[in-house]
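Dropping a structure here in structure tokens format, bear with me for questions.
Going in written order, the chains are labelled A, B, C and D, and every chain counts its residues from 1.
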Amino acid sequence: MAIRSEVKEKYEVGRSEYMWAKKSMPVLNRLTHRFVSKRCLENFNLGICLHITKETSVLLMALKDAGAEVNLCPANPLSIQEPIKSFLIKNGIKIFSKKDDNLLDFYSNMEGVLDTRPHIITDDGGELHKRALYRKYNTMGGTEETTSGVNRLKAWCKEGLLMYPIIAVNRSRTKYLFDNKYGTGQSTIEGILKTTGILLSSKRIVVCGYGWVGRGVARCAIGMGAKVTITEVSPLRALEAFFDGFEVKPLDEVISNADIFITCTGQVNVIGQDQIEKIKDGAILCNAGHFDVEIDINYLNSIDQNHFSPRMNVECYRVGENKKKIYLLAKGRVINLVGAEGNSPEVMSISFANQFLSIVYLSQFHEKLNNKIYKTPKKIERKIILTALDSFGLKIDSLTPQQNHYFKT
Amino acid sequence: MAIRSEVKEKYEVGRSEYMWAKKSMPVLNRLTHRFVSKRCLENFNLGICLHITKETSVLLMALKDAGAEVNLCPANPLSIQEPIKSFLIKNGIKIFSKKDDNLLDFYSNMEGVLDTRPHIITDDGGELHKRALYRKYNTMGGTEETTSGVNRLKAWCKEGLLMYPIIAVNRSRTKYLFDNKYGTGQSTIEGILKTTGILLSSKRIVVCGYGWVGRGVARCAIGMGAKVTITEVSPLRALEAFFDGFEVKPLDEVISNADIFITCTGQVNVIGQDQIEKIKDGAILCNAGHFDVEIDINYLNSIDQNHFSPRMNVECYRVGENKKKIYLLAKGRVINLVGAEGNSPEVMSISFANQFLSIVYLSQFHEKLNNKIYKTPKKIERKIILTALDSFGLKIDSLTPQQNHYFKT
Amino acid sequence: MAIRSEVKEKYEVGRSEYMWAKKSMPVLNRLTHRFVSKRCLENFNLGICLHITKETSVLLMALKDAGAEVNLCPANPLSIQEPIKSFLIKNGIKIFSKKDDNLLDFYSNMEGVLDTRPHIITDDGGELHKRALYRKYNTMGGTEETTSGVNRLKAWCKEGLLMYPIIAVNRSRTKYLFDNKYGTGQSTIEGILKTTGILLSSKRIVVCGYGWVGRGVARCAIGMGAKVTITEVSPLRALEAFFDGFEVKPLDEVISNADIFITCTGQVNVIGQDQIEKIKDGAILCNAGHFDVEIDINYLNSIDQNHFSPRMNVECYRVGENKKKIYLLAKGRVINLVGAEGNSPEVMSISFANQFLSIVYLSQFHEKLNNKIYKTPKKIERKIILTALDSFGLKIDSLTPQQNHYFKT
Amino acid sequence: MAIRSEVKEKYEVGRSEYMWAKKSMPVLNRLTHRFVSKRCLENFNLGICLHITKETSVLLMALKDAGAEVNLCPANPLSIQEPIKSFLIKNGIKIFSKKDDNLLDFYSNMEGVLDTRPHIITDDGGELHKRALYRKYNTMGGTEETTSGVNRLKAWCKEGLLMYPIIAVNRSRTKYLFDNKYGTGQSTIEGILKTTGILLSSKRIVVCGYGWVGRGVARCAIGMGAKVTITEVSPLRALEAFFDGFEVKPLDEVISNADIFITCTGQVNVIGQDQIEKIKDGAILCNAGHFDVEIDINYLNSIDQNHFSPRMNVECYRVGENKKKIYLLAKGRVINLVGAEGNSPEVMSISFANQFLSIVYLSQFHEKLNNKIYKTPKKIERKIILTALDSFGLKIDSLTPQQNHYFKT
């Protein structure tokens, strides 16, 4: 018997991966079951921009099984899991994305989705919403998966640009408390390990941003034996990081003596020209935020046009007179999705239950909503939490009648 | 030369302790400075119910130095630091509390404070507010320090019983994020070490409640090598504890095999008759919540009227037919204040800055406020955070103009 | 510009990987430099059985550059990094291993290496030594990399079977304290993440064995948010694990309610038929020990001959009447090398410095040694430690003359 | 009913404390039982120098109950727990120590013990042994409890000064792995909390020395949220600390920006004149090593003869032109015994089981031993480990016959 396994068809691999993810996504499976059997999304066209991963396929198949037409484009050109794409296409999901798409193609895929005139738009980053808002046609509503996207939508809302109600799934505690913190925390570390193979024990890591993602990343980095410094622009978060035991410094004070920088800010040019010039020889840069704007890649490209890739998903730039080497991971795109497989099914199960139920909610109640940003309805959140507890086999206490009465005394 | 130090006068000891705390409370010192020099609380009578600790003395002296008349009663009969009491009395603060007060005296001390007709009432637990509300005389406003107190005030507010505006200092992020979590986390562990002297490494500890205090306690307990199980009534908090890596169980499933139980719930009879009967021989019970109601002490007293104290702040009860021994710490009162010195000056500095500035705010703007529960004004919070950063020598980043503009794109 | 990178030649990829590893292996690079320039291994034939990884290639190239003839066979059929193999062959290293080798081929490759009559034998697991001992021809000496191999060599030594001196590199503190603990700790976790994609936060993990590898694995697992139980056969190690804060139990008491089992024992059938029958549905099994004997794979294969692979390096077995599913990773072979890339260059740099210097030592002093098992000479260890400190930029204190004298007073 | 407890007689308090400790010392209780019932130390005079704590009283009472005559002097003038002293005296143990002893008295107490001509000498620090060696009279043997003491004895042994066999209890793995690491780790942190009341979260702590005590202290300090830097003179230990995730630096590089310094080296003048001059204003110094020599107290006393005590067990020194304040805890004596109660009964139970059984061993086999330093006999160690496992309710696995045979294949 040969020791190695045989290679499967790409579609078959995709199906296996879908099955693999699905078995670890009980929260989503249980909560979608009722809607699927009633086919309650029949006649709805969904325009969706998400990372094409095995976990996403479980959401998409559930939406399709509930009767929806699904038109999909990728949220990131480097995060597409090809076998999953094959599997979805074979199962009747329309995907706007070709192999070897360039950046222009990437954006025109979004327009392709909008051309189908989706009733509800689900986005990861806000780029699809931005284009839908320009078009000003009738949309029932939308959902948004990320902090980055919600930040943009809030700015547009302030300026009166919103044309349909948005459910900011990312503002659900059942989303950010789990997916952003534990999910992205682990998968970011995994992405760094997989792309670089370096030892984390003893490394000095700078985590830019102490939001939910930054907290998760910092916790896992410490857990693997690294020394972590936090940089922040929020005084309160900085103070929390300080009392959590981290070193807190302005980026400029640590830029020249850290081994690894991980941006988790949602902001632009956090590591820009000034920083790049001071970084030490051999340092590694990567980004855990949604967009590839947190590290100034244009500047890097401009100063070393002959940068090369010593290893998959690693680019080596030679900077300055002494040609110090800086290693950029995943081209500055989101490391956990490009360098690893994205967040684990256990947390995506919770996040995507928010997505699924919010889409159903919009399909039913969009007429009662204004063109504003809403949180996931409390009732939905509560249902998700209780289902999650049950799925993980957790039992908890409940208040006795005496305790229910206690605070009034 | 003799190796041991000489004993000082009680008043002198109190003064030393006040000085010792004050040097670690720069946030409070800096923020009160301006108001003290203007004596802006001149002609205000303050009715205050707080734990009489060295940190409290720094707050009280600042209030007095700002011109206020201060009438004080203790928030807990077992947490009074006698030298501090002497020091405060010598410095003109009126204290309603005698040595050997019994429980009746304890409550009548509160009435004594109210008899002075304070303009503003500052409480720790809500008991003084409760009595003030009964009296229905004119008060400008009040502040409340604890979660337990705020919960009660919210219930009374719902029933329309509030007679003056309340600033719920405990709902300020600059209070609960630091004082409750890091402060009480450490001091609770300290209280257990000091009263029992046991090794925490390898012990199985049940933390009841995963609010801010429970989180802080759990974190320190794990940090000292214990195994921690969380019990909760909130599904969301239970899920967070689970993903934070803790074992989460109903209390009944762990009641018979844990070594130490720490109640951090703000609720009544969390460890009641049913639980006490199942607890294992030799287990230790203590409470980190404000009131001595979380463990059913009446039941314990009823089943072993001959309980004895094998060690200061430890009571041994013999329960059931086989006379298993249960050790109750600090008579079920708040272990960090009775068994140790309460929370550290570094965090009390932040909490009491909230108190001081809220009291000043009430003295100035009470007429514009309704009989409702308010959070600490945002402006005050921000001032405290920035002063804290500066006091701890922390510098942080700020947004560039490009970043300030970024979310709008 | 296309977003994805181009594919390189396999040899080129191997060269890049070699360069990538080499830059993180300063300890090895510095310590071999002098011997390479003197070509001090000229005329020595080395028979080597190691995992064919990028880090190994740095050792092998250094040996070759020091003049040695290198004959290599893989230590594990599933851990071969093909591009590295191509690179090494192109650089004149003889490799006994073909694509699609079966298990018989795997062992006959070892015989192929021995047919070249190596002067010094370097092994990882003891299998090559075992075959060399059977042959009884003249060998100057040997080195051994693993705990598993050293345990076997000790047993053979006791029975008088050793035919040449062995330097047990694994018994060097500069090997096991770093490579086994931090290296295998991280890479085992990495292997689990990569093969399964599951979330570690909240999982219940059983680590069988609390030796250096088990300690490293347990530490990283806890660091990533898992709950860890240790099983042991050594009373002392069990007690250490207990005081380190872990739950310590016999395997039978935790077998039915853990999510993941990681064997780190060096022993056979740790998870055997009895255990497999009790494991819960959906559990994951993997092995961090050298040989694929710690989990009883023969039994698994016998009860489900139709086991299938839902995902690369995962086998699904259906067990018992209710067909519960058990997932075996990497076919029970060493997960960090099959499921990930093996230990990081930073620690392999230290381990392989031990190997290199021990080989040189044997080449020079073999005549003075008996057919026994030796530790790495102290002088070599010291040189490695000091080079490591210097490579990592660490400076430390030294004793003052007064301190040097102190213990005598 | 009054809320506070009544004060007990000192002797009664001592007895309670003895009982309290004893209930947490099952390892010692079980292992001494057989020897006590046989009174196997009848006619033996024991000269003992140990810290007079509740845990020590359990050892001493067991020795006495086994028939020995016990003559005791304190190992540290500041660590005497007075109620325990009263209790021991009332129970027939001779104690050479008066209240208000000065340093001369402290040493002459040791001579007092030696004047009784003890058959076996048990010491903590080596000072009693040193004096016994000068006297050169007949002693059967001795035991030593600390690293500091063993280091001195090794130096004396090298110079041929040993006059009787020594069992270095501290070199037993059942001593240093538990007592030094977990015990002193916790109690040192406890001592700092109790003497200073400061918050550990966010503090920068320098731990000098990464031996067993240093490791335990560093682990607890990190666990409480502090940032820890290690200083070392041993390259190997420095490297371990580095990979354990700590910052490792020469003391000089961190001397001016740390908040707390804890010496755990066993060495003299680790924080000497040079260091004291560079320490930052407000820093805290304390020592976890046996002797009060690690911090140069003489120098401190010489530069501020008017140093004062702002708080029990804290001395404030004003240093340099700008009168920066340095706080010395416990007069530089061992902080865990002076500032807290010493190590917990759970670990002292294991350490003192080593002491008890070693004393019995010496009483039986002293004639077969040479004037050398011995480890605790393996058989004793094994008995202690197994009893400890059993006491803590731990069950572990054992090798199957197949596994017992495995390494030979």
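Just so it is clear, contacts are C-beta pairs under 8 Å (C-beta built on N, C-alpha and C of every residue); 3 or more make two chains touch, one makes a residue touch a chain.
Computed from a predicted structure; not experimentally measured.
K.L.:
Please tell me whether the contact surfaces of chain A and chain B are same or different in residue numbering, using the over-half criterion.
P.N.:
Here the answer is same, because the shared fraction of interface numbers exceeds one half.
K.L.:
Return the chain whose centre of C-alpha atoms lies at maximal distance from the corresponding centre of chain A.
P.N.:
It is D.
K.L.:
Chain A to chain B: how many Å between their CA centres?
P.N.:
39
K.L.:
Whole-Å distance, chain B centre to chain D centre, using C-alpha means?
P.N.:
35
K.L.:
Can you list the residues of chain C that touch 2 or more other chains?
P.N.:
182, 201-202, 222, 225, 242-243, 392
K.L.:
Spell out the residues on chain B that touch chain D in their complex, using ranges where they run on.
P.N.:
1-5, 16-17, 19-21, 23-24, 54, 77-78, 100-103, 106, 182-183, 185-186, 189-190, 193-194, 197-202, 219-220, 222-225, 282, 309-312, 314, 331, 340-341, 343-347, 392
K.L.:
So in the complex, which bits of chain A are touching chain B?
P.N.:
151-152, 154-156, 159, 173-174, 177-178, 181-182, 231-236, 238-240, 242-243, 248-251, 253, 267-270, 293, 382, 385-386, 388-389, 392, 394-400, 402-403, 406-409
K.L.:
Can you list the chain A residues touching chain D in their complex?
P.N.:
201-202, 222, 225-227, 242-247
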